[in-house]
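Notes follow once the structure below has been shown.
Each chain gets a letter, A, B, C and D, in the order it is written, and its residues are counted from 1.
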Amino acid sequence: MQILYFAWVREKIGMAGEEIARPDHVTDIGTLMRHLATLSPRHSDAFANPMTIRAAINQDFATAGDAVTDSDEVAFFPPVTGG
Amino acid sequence: MQILYFAWVREKIGMAGEEIARPDHVTDIGTLMRHLATLSPRHSDAFANPMTIRAAINQDFATAGDAVTDSDEVAFFPPVTGG
Amino acid sequence: MARIAVQEAPFDIAAETAALTEGRTDIGALASFTGLCRADDGLAAMVLEHYPAMTERALAKIAAEAEARWPLTGCTIIHRVGRLVPGAPIVLVLTASSHRSAALEACAFLMDWLKTKAPFWKREEFTTGHARWVEARHEDSAAAQRW
Amino acid sequence: MARIAVQEAPFDIAAETAALTEGRTDIGALASFTGLCRADDGLAAMVLEHYPAMTERALAKIAAEAEARWPLTGCTIIHRVGRLVPGAPIVLVLTASSHRSAALEACAFLMDWLKTKAPFWKREEFTTGHARWVEARHEDSAAAQRW
């Protein structure tokens, strides 16, 4: 599945996105975040406090319980600060 | 004293203003309106319903109990509708 | 200190905005309201009468009230008078502040008070030849009283 | 149908206003909000990052919500991205309606929702060389929830 990172999540992980193979137990945003946190020390640091991170599935805001599939584009980022 | 009329008050009375001699019993906006109503049939028509008329003394909004003197400029007009 | 103008001529929003913001870097929010003449029910024109000796003074008092209630860095009120045709701008209110809520609230406040506390009267002329003075609306009094 | 744009270039308020009102005589009220970059605490520049595939879609949804809640005749949202210096305009919201309360309320609503529901992130660069990501403000969430 396609993962994208923005703002300080992108900076902490050191890349704007990556293609990952979804393990079977990863079925929603919450389990996906816990899985991503295991990929590297930088991922672990970025996802250390999941409460500070927001997500979108296929360009719509999503919450921890929302389901993800292999074909989804999932993005992680801090709370938005535009305007 | 100097009296000014605006909008339909001006149209009903047929002039934009007039200089009047203030009778002794005319000491506030209320008594002034009742006095003006006696000056002509057009005045009487214009002041027939005092509730529909607003006033200003020396370019500040005023109410029925506000005192008037010979040197004041007093204006009468409908509720404002600008903006 | 607010900029107040009562004039027959149209106003230039871009120039008025530039005047409020030019050379400043402390303004984070700029709100504006423009009131325009609508062609409702066959309206041909609107004639705006005012009380010249009182008008600018009344607008300045309303602006001073806004400046006392919100931390504005600037404020502009321009109101046209005379004959205006449908589509023509009638009134412009601009507010500048470091923060958006102050600019937006002050802009709404200025319009509400201006509608009920500034000596303007609108006369509507219709394509039929009929004319009438616009009556004050209860909603406008209610809107002014919420502040 | 709202006009939505996400761009690096500055925007032209006068042209955007004209586009909403040109040739129409049913618009009585036009409200606008412009957000500008302030030079607080030695700020040298602000860098606006966004989520390109999502941004215009998110703005269009916010605009559609405003159009569902208020009787608007038009609505424009333009948000800049990239590097912006103090004094530069960041965001423009324009709303047009036959009545003033609809235009003013929709304009405030659009800004409140845009601050909390559109995928933009601000990074502040200071004259000292230090940089930091702007943190979301609790007041902005509260403002968005009042609608």
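Note that contacts are C-beta pairs under 8 Å (C-beta built on N, C-alpha and C of every residue); 3 or more make two chains touch, one makes a residue touch a chain.
As the structure is a prediction and not an experimental result, all values here were calculated from the model.
K.L.:
Note down the smallest number of touching-chain steps it takes to go from chain B to chain C.
P.N.:
The distance in steps between these two chains is 1.
K.L.:
Go ahead and note the Å separation of the Cα centroids belonging to chain A and chain B.
P.N.:
The mean C-alpha positions of chain A and chain B differ by 72 Å.
K.L.:
Just give me the whole-number Å value for how far the CA centre of chain A lies from that of chain C.
P.N.:
Centre separation, chain A to chain C: 48 Å.
K.L.:
I'd like the Å distance between the centres of chain C and chain D, where a centre is the mean of that chain's Cα atoms.
P.N.:
Centre separation, chain C to chain D: 23 Å.
K.L.:
Could you tell me which residues belong to chain C and also touch two or more other chains?
P.N.:
In chain C, residues 35, 100, 111 touch at least two other chains, as defined above.
K.L.:
Check each residue of chain B and list the ones that touch at least two other chains.
P.N.:
Answer for chain B, listing residues that touch two or more other chains: 83.
K.L.:
Go through the chains and record each pair that touches.
P.N.:
A-D, B-C, C-D
K.L.:
Quick one: in the complex, what on chain C touches chain B?
P.N.:
35, 48-51, 53-54, 57-58, 79, 90-91, 111, 114-123, 133-136, 140
K.L.:
Using the touch rule from the top, collect the residues of chain C that touch chain D in their complex.
P.N.:
Those residues of chain C that touch chain D are 13-14, 17, 21, 24-39, 86-87, 98, 100-101, 103-104, 107-108, 111, 143.
K.L.:
Write out the stretch or stretches of chain B touching chain C in their complex.
P.N.:
The touching residues are 4, 6-8, 56, 59-61, 73, 75, 77-83.
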